[in-house]
Each structure stands twice: as structure tokens, then as C-alpha cells.
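Note that subunit A is present in both complexes that follow, paired respectively with subunit B and with subunit C.
Here is the complex of A and B:
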């Protein structure tokens, strides 16, 4: 049994922030959970799905974030508590629908968990989703540690029901993917009945039809809900202050920056001189509470990620309440005390605090630091990101690289988000030349594919993964077909949402908890659009290259499905198909005209150059046994032997 | 001599390596053992795209009283455990200090740039000399080779965990390890994990630590 189901109130575990959110939702009796996977949010719905049977929950991996919110909203309308989780990009995708959710209001408690990734540790942007709370006019809360991640999640369902609005709960990578001790509360009984009431007039928020018109009146109600939230936030236990009564500096912070602020204060030994106002409710701000703290401190330092959200909103309060607050000096992102890009850490916070206090923060002797940095620079070669050993993307990009080179018309690939984003790096032979949001590669290619009239004569290919195909690529593909763009669409089908941990998608015959569901066939969808669809195995290196070369030369929309499961997929992980070996006699090393093609260009981590014998060799520990490298050696020195079990 | 308590509060431990070496699971298991022993633990780690051939590290803060930042401040690592040797140097360069203790696996995983011949991967002797220059003491063990001998190469991480316990610096031992793997792993894997953990303890017990002061 999962520890997440531990019934003992007060039991304590070391758990990830995301699991703390899961437990909070379970303690609130959540009934419906939906999401599209995205680091660092994926474990929330994954782990709710893992206990869905025991807790009577319906959990689903939705086709994209907008649909996930629609699914969760339906549950709310039927009087159930629902949770939706997504990474920062997801809020962009869902925002169209969320604006309407804000306007119409909700019934059963509905919580939108959005996990930002400051520093883009596992993202291709560091977008700040907190600003959506202002734009959408939805309440926003931010847990400041692991215990709060659980406690606040449970509480946001109550808040949502009290004010009749969806509530946004924002996490960040350093909370979602960090772990700490969390003490559990009780789990409720799980009897629920879903029913959607619509018999009253539309102006009855509990029993009428749910529509956003008349808009201005609904907008007024929405703002009333927000004012009610602000009132509740004034006395919220999740806004805490630690420090002296009259601090020299008051740090205002939220989320993981709470950790950095506490550590910075401790590193500088300033616990008696500096106070920390940790805000758990960050939109709308509790004006009275903030004003009281501003009045007590002559200087305020904002420590938050990524953009100055709290900083700018607090400054509005300072201006509006200037007479009671008095002169205050503000330090933060706008004056450059804290960077406005990247993630923060205790050192950045300590340096900023030291600067405001007129002190120095020098964690190490300068000489030691210089030696240490120089040593690493000289002796620890950097690790470029690369595809895993046995990754089908390496083989697919190898095929594209060769076909585009042979085609010789400066062709290129448009991509998007997934492991295959690395196609712009040497591991993908640098074939990818654009990479943006989900499904955008095909949309951009659709645009390039219509530029012939302007003298554009380069062949264009677009790649996207199987999960991305369902998420956002289908409308762009339809656009390309209907508008008769010239492009080659390459569907990199590795049988799962690989980068985030193999969550199933509509193309797989599984639900979020692993039970059987009918699969939707991506190739059939493409065929139904009336364009030619070819399926190839990227591990058949030569055949795939020839098919690609042929398709590049054709007009209109052409589709190729590259089918080969991810090397880390449950069915493949730890199992080698081939035993690989390099015949050191046959490998002609530096004397071969290939100029070390295998290790210099193909560069799979499992195939290394042995300088002492001047030949390539297989690293048995790392090699995944995919057999592809046997196809690339011009001397035939790399041998593969099928492992029969 | 076995530790009864942490030598410092918070005790800052970094486990580093390359994506796919079992770094995350090692830090979680040590964290679980410390929580069972009554400590408050914070672990900070990154995963996702960083796993694809990149350097990874887990920051652990072990304390009696408080939840600390999931990122250790500069120069504050008390112990660095490297599942891959050059990662020890990389992590030392920002988080190390002259009192840091380093425990490293000997088995290299070559960066693709080194495989391609664009950069040089240092010899083990060079790596050793670098770390000795920066740390209080360092020990190298052949964790991956031992794991291969046990028939499961990925268990290099468990051998390194055994080695951490074997240093006697933290209150970790095989009994506690057994308690947590019963909860985490299917029964078929218990024996080989316990063997790996014990091998780690033996290896570190039979390994000479080098200290710059002793030279």
C-alpha cells in the first residue's frame, strides 16, 4: 500500500513537494484529478492515479492542459472537488478556458496547481504563471515549505468552495521536486454523489445554468469573490512573520524563496535584525497585513522568483497607504539587487541581503575559490546534454541528417518540446533549427511551406512526439493539409510521454492507473486527412534514410511515422536486444577514411574511443544494445549479435 | 567507530553523478534512513532534461530541528559522494571547502565531448590529485566494477550508499537499510541490495583515505 494512504493522523514522511500536494488533495477528499504531464508537475496526477482505486478518484491524463481544466471544471459543476496540475506552459494553453472559469465561478472546490520552473531546469522557457492570477482574476496561493504544500492544498479546496472560485496554487521546481518532512492529517470518508443542477435562473450560482453572460454582471460577481478572498487572506495562517518587532530590513518572500531568505538571514547571523514576511496568499494581497509590516520596517527586500510580482503589487499598497506607512526604501528586482532572470538560491539571497545591510558575504577564502574553480575548468570537462544510449531519436535524427545532406537544398527541421528538442545539439546532428511551444514545429513548417512564391526553395521537415501530436499538433497539421503547404511531417513515435516519465496518452491503450482503454491511432488520423503516410523503424538505418530522401523530394504534406519505443520505456529498460562488440582488428581507427565517424559524429555515450588501442569500443555498462551503431561503421567493425532469452 | 549523531547541524551531503546512475533513489533512501532515525531532512534535486547525459546532484540537509533550503550554499558541503569521479571535482568547485570529505566511485562516464575527441577526460590519478588539493580527505572505491561482479551494474549507487554508512560519519547502518528497502523494493531485490550495501561497507573499510596533510 502506498504511504500516501496512511490513515494514521500525525504520521510523518520524507516526501516530495508534489506528494505533499497529493496528500493535501486526498485529505480534502478530491474526487477528480486531471492533467497533461509536464516537469515539475507530473507526479501530482501520476501519484493520485496510483491511489485512485483505493480513494475512489477518477484520474486522467488529458490530451492537453485546456481539456484537463475542462474535465476538472465539469466535476466542480457536479459538486465534486477536483484538481488539475500543469507546468508553467500549461497555464498558457489552458488560459482561454480559465478566463471563462473565473467569470462563471465554480461549485465543488476546484484547485489549479501550476508548477513554475525558475531557471528552466527542465523547460524551454521560464515563464511566470503567477501573472495569470492577476489577468484571470483568480486567487493565488504559494506554499512556502513541504508541510505547507500539503496543508495549503487541503485548505484551497475549502477556500474555493467558500468563495465559489477556482483557486490557483503555485509551486516551483525547488518545492515540487525537493523533499522534506511532512506530517499527515486525517483522510476523510469518500462517499460522494455527482449531480449538475441547472433548474434555477442563470444568476443563481449554485443551481442555475453556468454561463458567462451577462458578462459585465458576471465580472462584478467575480470581483466580489476576489475581494472576499482578500478579506480571508488578511488572517490566513499561511502568511507568517519571523523576526524582531521593528526590523532593520523586512524581507518579503514566497514559495521556495522562503527557504533562501531564511538561510541568507542565518548565514549572515542577522536573525535579530532582519524580519521575514513569508506570504502564502499572493493574489490578491492582504492589504492590511502588508501595510502593517511595511510600517514597521524602514527597508524592504523582495526575494521572489522569477519576475517582480509581489514587489510590484506591494509597491501599489505602499503608494496607496503612504500616509500610514511612511518613507520606505525598496530593494528587489526593479533596482537590480536581485536578478530578474534565472532561479535564486541562498547565496544570491545572502549577497542581496548583505548589500542592503551594508555588509559583505564571502563564503570562502578567495584563493581557495579561485583554485577550486580553475581545477574544475581544467579537469572536469562539461557534459553536453545528449540522447540516452539506445534512444530512437538519435537514430531518427541520423536518418534526417543524412537525407537532408543528400538532398542538398539546405533543408532543415522545425521542432518543439520533448526529449527530441535536443535535435538542435550535436547529439541530433544539429538538424533542428527552430524549437518553441508544443506542436509549434508543424505550425511553423506550415508557414515555411507556403513561402515558395517568395523564392523560398528549402525543404522543410517538422518533428513532434506522439504525445505532442495529440496535444497540439493536429490543428497545425490540418492547417498545412488544407492550405497545401509543402512539408514533411515526422512523427517521432516512441510509445509514451517519455521525457516526463511514460505517462500514457490517447495513442496508448492505457489509462492513468494502467488499466485498459482503447487507443487512438495517430497514423490513421493523418491518413484520414488524405495525405500519404509511411511508417518506418528508425533502427533500420539505411531503409529509413532512403524513405526520408524520397519523401523530401515530394510536394505537399507528407507524413512519416518513426516507430520505435524509448530505451527507458518499461518494456525496454534494462533489456538489451543485441550484444554489441567492436572488432578491434577490423576497426581501422585513425587510418580509416571515416575519421572516427562512430565516436566523433554519432557520439552515443555507450560507444567510446579507446585511445590506447586506437579503436572504438563498447562500454558494456552504458550500452543499451539497440544495435544501431553496427549500421553506421563503414568498415563493418561494430558487430551485433541478437540476444536470445 | 560508528556515529551516534550527525557531526554538524545541518549536515550537508551532496550525492552527484550522471543522469541514470541512480542518484535520486540513493538520496531518497539515505533521507528515509535519516528520517527513521528521527532527523528532519531536506533534499533538493533536479530531474527531467538534466538526466539526458547531464551532471546531476542531490543536495541533502540533515538536521535535528529545521527544514533547510533544498539548495546548499556555496562552500558548505560537508560530504560529497560522487557516483562518477569528475563530478566530484565539479561539485567541489562550488560547494566544497577545505574540510569537505569526498567519497568517489572510480568508474568514468565520458562526456560526449570527450567521446568525440573535443576535450580530454583526466586520468584517475589526476582526478585524485585535484580532489586531494581541495578536500580534507578523499577515498575512491570501485563501486561500478563491484556492481558488475554482482551482476547488476546499476547497483553502484547502493554500494556507494554502503560506503557512506561504512565511513561511520553519519548514523547509518545495514539494519536501517534493510528496514527501508523492505518498504521500497520487491522481495526479489532485497538480497542483492543488501549484498551491495554490505560490499560498500567492506570496500570503504579496506580503502585508505588520503589526506593532503599526510603527504
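Here is the complex of A and C:
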């Protein structure tokens, strides 16, 4: 049984922030959990699904974030507690529906966990989802450590029910994926009954039909809910202050920046001179509480990620309460004391605090820094940002590169979101020339595909993975078909949401807990649009290239499904189809006119250049046995032998 | 010859619009391929010198050197290059019947060579719709299936390399003039490689005034004819001014001026109408259907013609003087026009680091231009 189900109250575990959130939801008696996977949020629904049977929870990987919120919202309307998790750009996808959720209000407690990724460690933007709370007019809370991640999650369900609104709970990578000690509370009983009541008039939020009209009146109710939240936040135990009564500087911080602020203060030995106001409820801000703290310090330093969200909202309070607060000097992102991009860390926080305090701070001796950098440069082996050995995307991009280059009309690929986003790098032979949000590759291609009348004569291809296809690509594909755009749509079907850890999607016959479900066939959906659909195996290098060349020469929308499972997929992991070997005699090494096509251009990590014998060789430890490199060696020196078991 | 690598090939030939996709550079290295009449550079290669540059007929070709090696003399100032004999020719009884473009001379000689075992395969050009498609023919029927002209460059040299890789050691090849020049260079082992293979066993050249850009030509005929139904192309003698497409059931005419708009830039710099660096060259006799002009240039060519005539594959007769005059005039005109253009654009006998297209002694150059 999972430790997440430990029923002993007070038992303590060293756990990841995302698991603390899971436990919090379990302690709140959550009934429905939905999400679309996205780092750093994916473990939340994954682990709730893992205990769904024992706890009577319905957990699903939804087709996209908007649908995930809709699924969770239905549970709320039926009186159940629901949780919905997503990464920062999931909120963009879900925001259309969320705006209406805010307006109509909720019934059972509904929590939206959104995990931001400052520094974009696993993202292609570092967009901040906190600003949505203001725009949507939804309450926002931010746990400041691991215990709070658990406690605040459990509490937000109560808050949601008390005010009748969905509540946003924001985490960041360093909270979701770091670990800390968490003391567990009790687990409730799991008897629940779902029923949607709609007998009363629409103006009854508990038993009437749920619609957003009349809008202005609903909006008024929404703002009343928000004022109630602010009132509750005034006395919330999740807003804490540590430090002297009258600090020289008050740091205002939230989330993981709480750690950095504490460490910075300690590093500089300023515990007696600097106070830290850690805010757990960051929208709407508790005005009275904030004003009281502002009045105590002549200087305020904001330490937060990424944009000046708290900073700007606090400054509004400072302006409105100027007479009671008095003159205050503000330091933060707007004056450049703290960067407005990337992740923060204790060093950045200490440097900023030292500047505000007029102190010198040098985290490392200059000589040490230089030596460390030089040593790293000299000793760390170079590592490409690349596809795994045996990755079907490498083979697919190899085919696309060859076809587009042979076609010779400056064709290009519009990319999308997944492991294959790396297609703009040498590992994807640089064929990808645009990459934006999920599903946008085919949408952008649809636009390019209509520019013929302006003299545009380049062939356009769009790639997208199987999970992304279901998530957001279908409407754009329909758009392209209906408007008769000229494009080649390449569905990179690697049988799962590979980048985030192989969560199932509608194309797979599995639910979130691994039980059987009917799969939806992506190729059939494309066929139903009335366009030609071809299926190819990217590992059949030459055949795939010829198919691509033929398709590039045609007009209108054409679809090719590149079908080959991810090398790390459950069905393949650890199993090699081919035993690979380089015939060192046949490998002409440096003398080969190809000048190391295998290890200079193709560059699968499983194929390495052995400088001592001047020949390529297979790294048998990591080679996945896909056999593709046997097709690319001009000398035929790479041999493959099918492994029969 | 100043041999360099892929980078210079790309800059001085491909990006200048001088590449005709003759395919001399393709398939000998994994980075260069031809597709639909264009050469594609798949990946950059950083070799300073390569066969790709060495074999290219559009960059730093020393005509005197090529001529010296092939014919034992400096580049000939005659309009049709060096030659030993010139005939009128046509197919004879021993050659299986086919839909020949004119006199069936090329088919007859290749079938004869296969029959006597002096070659084990011939790389010829068939047609796939509108596209010329190189084929490795090792039987008489495979050769005759390739009869007829496609009016576009076929990547036969690429197929020649493939044929060799497949084990054909005595391979003939049917080429356009630009490709004949490549073959002459290939035969000369320009990089002085040890153990270098001998090159094509027999190079049969086809007369050519220009070829067509495949994509443009395809666009031109797309709405006029079903590509798969095409049986033959033809250009009747002036003043017809039309390009004929024959299908099984009809003839579609396209104004020759429209077709001429599909001529690639590289052809405007081509000086060679009669495939001067082939062992044998064949072309049409204007106004005499079913006949060819046959130019014999080398001992190997002479031997092939002699054998084909002796065994009844081919019939030859002296070429009428007036026809020869007409041929010389047409060839001289193409040569003069191309050399003048190249000279005015600084592409001949360049000094220093600038790449030349052609190098030739000044005496011959003056004789051609005047």
C-alpha cells in the first residue's frame, strides 16, 4: 500500500511537494481528480490515480487542460470535492472555461493546482500563471514549504466551499519536485453521493441551474466571493511573519522564494535586523495585514518569481494606505534589485538583500569561481541536448530532413510541444523552424499553406505527437482541411505522452490507473476528414523518405502517421529488436569520404566514435537496438541482427 | 584543375544556378543527391577536396587537359570537338524493334555491345510520367525499353555508381554533353587515387541544345496531359515551333516558346551540343526521320560501331556534306554564344582564388569566339 494512505495521524515522511499536495487532497476527501500531464505537475494526478481504487477516487488523464477543468467542475456541481492539476501553460488553455467557472461559482470544493516553471527548466516559456488569478478573479494561494503544500491543499477545499469559488493553488518546480518533511493529518471516510441539483431558479447558487447570466449580477456575486476570501485571508495562518518587531528591511515573499529569503537572511547574519513576511494567500491580498507590516519597516524587498505580482499589488495597498503606512522604500523587480526573468536562488536573494542593506556580499572567491568553471569545462564530457538512443523521432526527422532537402524548395517543419520539440536542434537535423504552444504547429502550417497567392512556394510540414494531436491539433487540422491549405501533417505517434512520463492519452487503451479503456484511433480521425492518410514506420528509413517525398509533391492537406513506440515506452523498455555491431574492418573511419556521417551528423548517443581504433562502435549499454544506424552508414559497416527470443 | 570541396561546389555551382543535376557528384558521398533535376546538399561536409568538386563539369574544367587525356591533343577548335569519323546511321535488323526517337542508333550500339559481351550493363534513361528515370539495363529488352528522349537531365551517373556497387564492372552509359564531360573527368582519376577504377566502359553521348527544368515543365504540362499517358516527346524541324507530346491516342502541342521558358540557367552557359567528350555521339538528322548523325571520337567508340555494323545491329553511311555543314553551324553557334557569355561574365581562365567554370588555351578560345 502506498505511504500516501498512511492512516496514522502525525506520521512524518520526507516527500516531494507534489506528493504533499496529493496527501492534502486525500485528507480533504477529494473524489475526482483530472489533469493533462505537464512538468512539474504530472505526479499529482499520477499518484492520486495510484491510490484511486483504495480511496474511491475517479482520476483521469483528460484530453487537455480545459477539459480537465470541465471534468473537475462537473464533480463540484454534483457536490463532490475535485482537484485539477496542470503546468503553467495549462492555465492558458483552460482559461476560457475558468473565466466562466469564476462567474458561475462552484459547489463541492474545487481546487486548481497550477505548477509554474520559473527558468523554464522543462518548458518552452516561463509564463506566470498567478496573473490569471487577478484576471479571472479567483482566489490564489501559494504554499511556502512542504508542510504547507499538504496543509494548504486540504484547507483550500474548505475555502472553496465556504466562498463558493474555485481556488487556485500555485506551486513551482522547486516546491513540486523538491522534498521536505511533512506530518500527516487524518484521512476522512470516503462515503460520498453525487447529485446535481437544478430545481431552483438560476439565482440560487446551491440548487439552481448553473449559468453565467445575467452577467453583471453574477460578476457582482463573484466580487463578493473575492471580498470574503480577502477577509478570511486577513487571519490565515499561512501568512507568517518572522523577524524583529521593527525591522530595517521587511522581505515580502511567497512560495519557494520563502526558502531563498530565509537562507539569504541567515547567510548575511541579519536575522535580528530583517523580517520576512511570507504570504500564503497572494490574491486577493489581505490589505490590513499587509498594511500593518508595511508600517513597521522603512524598506521593503520583494523576493518572488517571476514577475512582480506581489510587488505591484502591495504597492497599490501602499498608495491607498499611505497615510497610515508612511514613507516606504521599495526594492524588487521594478527597480532591478531582483531579476524579472529566470529562477531565483539564495545567492540572488542574498545579493539583493545585501544591496538594500548597503552591505558587501561575495558568495564565492573570484579565484575559486574561475577554477571551478575551468575544471568543469575541461573535465565534464560534452553532452548534447538530444533524443534518447532508439528514439523514433530521430529517425522521423532524418526522413523529414532528407525529403525536404531533396525536394529542394526550402521546405520546413512547423513544430509542436513534446520531446520532438528538439527537432530544431542538430539531433533533429534542424528541420523544425517554428515551435510555440500545443497544437499550434498545424495551425501555423495551415496559415503558411494559404500564402500561395503571395508567391509563397515553400513546402510546409507540421509535426505533432499523438498526445498533442488529441490535446489541441484536431481543430487546426480541420481548419487546414476545410480551407484547403497546402501542408503535410506528420503525426509522430510514439504511443504515449512520452515527455512527461508515459501517461496514457485517448489514443491508448488505458486509463490513469492502468485499467483497460477503448482507444481512439488518430489515423481514423484524420481519414474521416477526407484527406489521404499514410502510415509509415520511421525505422524503415528509405521507404519512409520515399513516401515523404511523394507526399511533399502533392497539394492540399496530406497526413502521414509515423508510427513507432518510444524507446522508453513500457512495451519496449529494455527490449532490443536488433543486436547492433560495427564491422571495424568495413568501417573506413577517418578515411571514409563521409567524414563520420554516423557520429558527426546522425549522432545517436548509442553510436560512438572510438578514437583509439579510428572507427565507430556501438555503446551496448545504452543502444536500444532500433537498427536505424545500419541504414545510414554509406560503407554498410554497421550491421544489425534481429534478436529472436 | 583546382579541386576543392563541397563548400565551394555549393557556392560556385549550385547557388550560382550553374548546376544541371548531372549527378556526377551524387551517390559517391552520402551528402549529395539529385532529385527531380536538382542537386540537394543533405549535410555540410568539411573535406577540403572531394570527388564532388573534382567530377563536376561546371567548375574549373580544364578542357585542354581533358582533351589531352582522352584524345591526345589540346581542346579542338572544331564546332563538334575531336572526332575520328562522322556518319549517318540507323537501326538494322538484329536490333529488336522499339519506339525510337530517330534512327535507334544508341539502342542498336548498346544492344550490340551487350550481345558481344564487351559491356555487362548499360545505364540508360527510361521515363516515369514526365520524369526521366535512370535504369541499369543488362539485357537487350531492358535497353530497348529506354528508347526515346526525355528532354531533361537524367541522373545516370548516380546510377552508374550504383551499377558498379551492384557488381557491374564493364558498364556503358548514355549521357548528355555535360555528363559526357563528367565521365571524361571520372575516367581521368582527378584526385590520383590509388587503385582507382577505370570508369565507364563506353560513353555514348546524345546531342543536346538544351534540357528542361523538370518542375517548371511539369507545371507547364500538368493541366494539358495525364503524365502517365505520355509515350513520346518530339520537336519537329523549323518552322513548326512546337513541342509535341504523344500519348497512345493523341498529340498535344505546346508552343516551343513556352517550353523554352523552362530551360534552366545552366544550359545558357553550355558550350557543347554534340557531347564532345563521349566515345560516340548521336543526334537527329534534321528533316530525315528515322536517321541519326553518329560521331565517332575514340578508338573504343570506333570498335563499338564496327562491331554493331558487322553483326547487323546498325547500318552506317557517309553523312551528306550539307547535313554536316548544318550540324557544324548549329554547334558552332551554341559554342560561340556560350563562350562569349562565360567570358563576359568572368567565368573562363580566372586568376587567383576565383573559381573558373572553364579553362582553355587562348588560341582555341579566340578561334571559337571570332
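Everything below uses one rule, namely that the second predicted complex is superposed on the first by the 639 of 645 C-alpha atoms of A that agree within 3 Å, B and C clash if a C-alpha of one lies under 4 Å from a C-alpha of the other, contacts with A are read in each partner's own complex, and residues count from 1 in each chain.
Assume a contact is a pair of C-beta atoms (placed from the backbone, for glycine too) under 8 Å apart; a residue touches a chain by one contact, two chains touch by 3 or more.
All values derive from a computational prediction rather than experimental measurement.
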| item | value |
| --- | --- |
| Which superposed partner A:549 touches (first subunit B, second subunit C, both, neither) | second |
| Subunit B versus subunit C as contact partner of A:499, first or second or both or neither | first |
| Contacts of A:341 with subunit B and subunit C, given as first, second, both or neither | neither |
| Subunit A residues touched - subunit C or subunit B, whichever exceeds | B |
| Subunit B versus subunit C as contact partner of A:590, first or second or both or neither | neither |
| Partner chain in contact with A:368 - subunit B first, subunit C second, else both or neither | first |
| Contacts of A:406 with subunit B and subunit C, given as first, second, both or neither | second |
| Partner chain in contact with A:322 - subunit B first, subunit C second, else both or neither | neither |
| Subunit A positions touched by subunit B in one structure and by subunit C in the second | 601 |
| Residues of subunit B defined as touching subunit A within the complex | 18, 20, 28, 31-32, 34-35, 40-50, 52-55, 67-76, 86-87, 89-90, 92-94, 96-98, 107, 109-117, 119-122, 126-127, 130, 133-134, 144, 148, 153-154, 183 |
| Residue ranges of subunit A touching subunit C (in the complex, touch as defined) | 401-402, 405-408, 429, 549, 593-595, 597, 601, 632, 634 |
| In the complex, subunit C residues that touch subunit A | 28-31, 33, 35-36, 38, 40-43, 45-47, 50-51 |
| Complex contact set, residues of subunit A against subunit B | 3, 12-14, 39-40, 121-123, 145-147, 173-175, 177-181, 256, 259-260, 262-263, 267, 345-347, 350, 363-364, 368-369, 371-373, 375-377, 379-388, 419, 421-422, 426-427, 499-500, 574, 596, 599-601, 603, 605, 607-609, 619-622 |
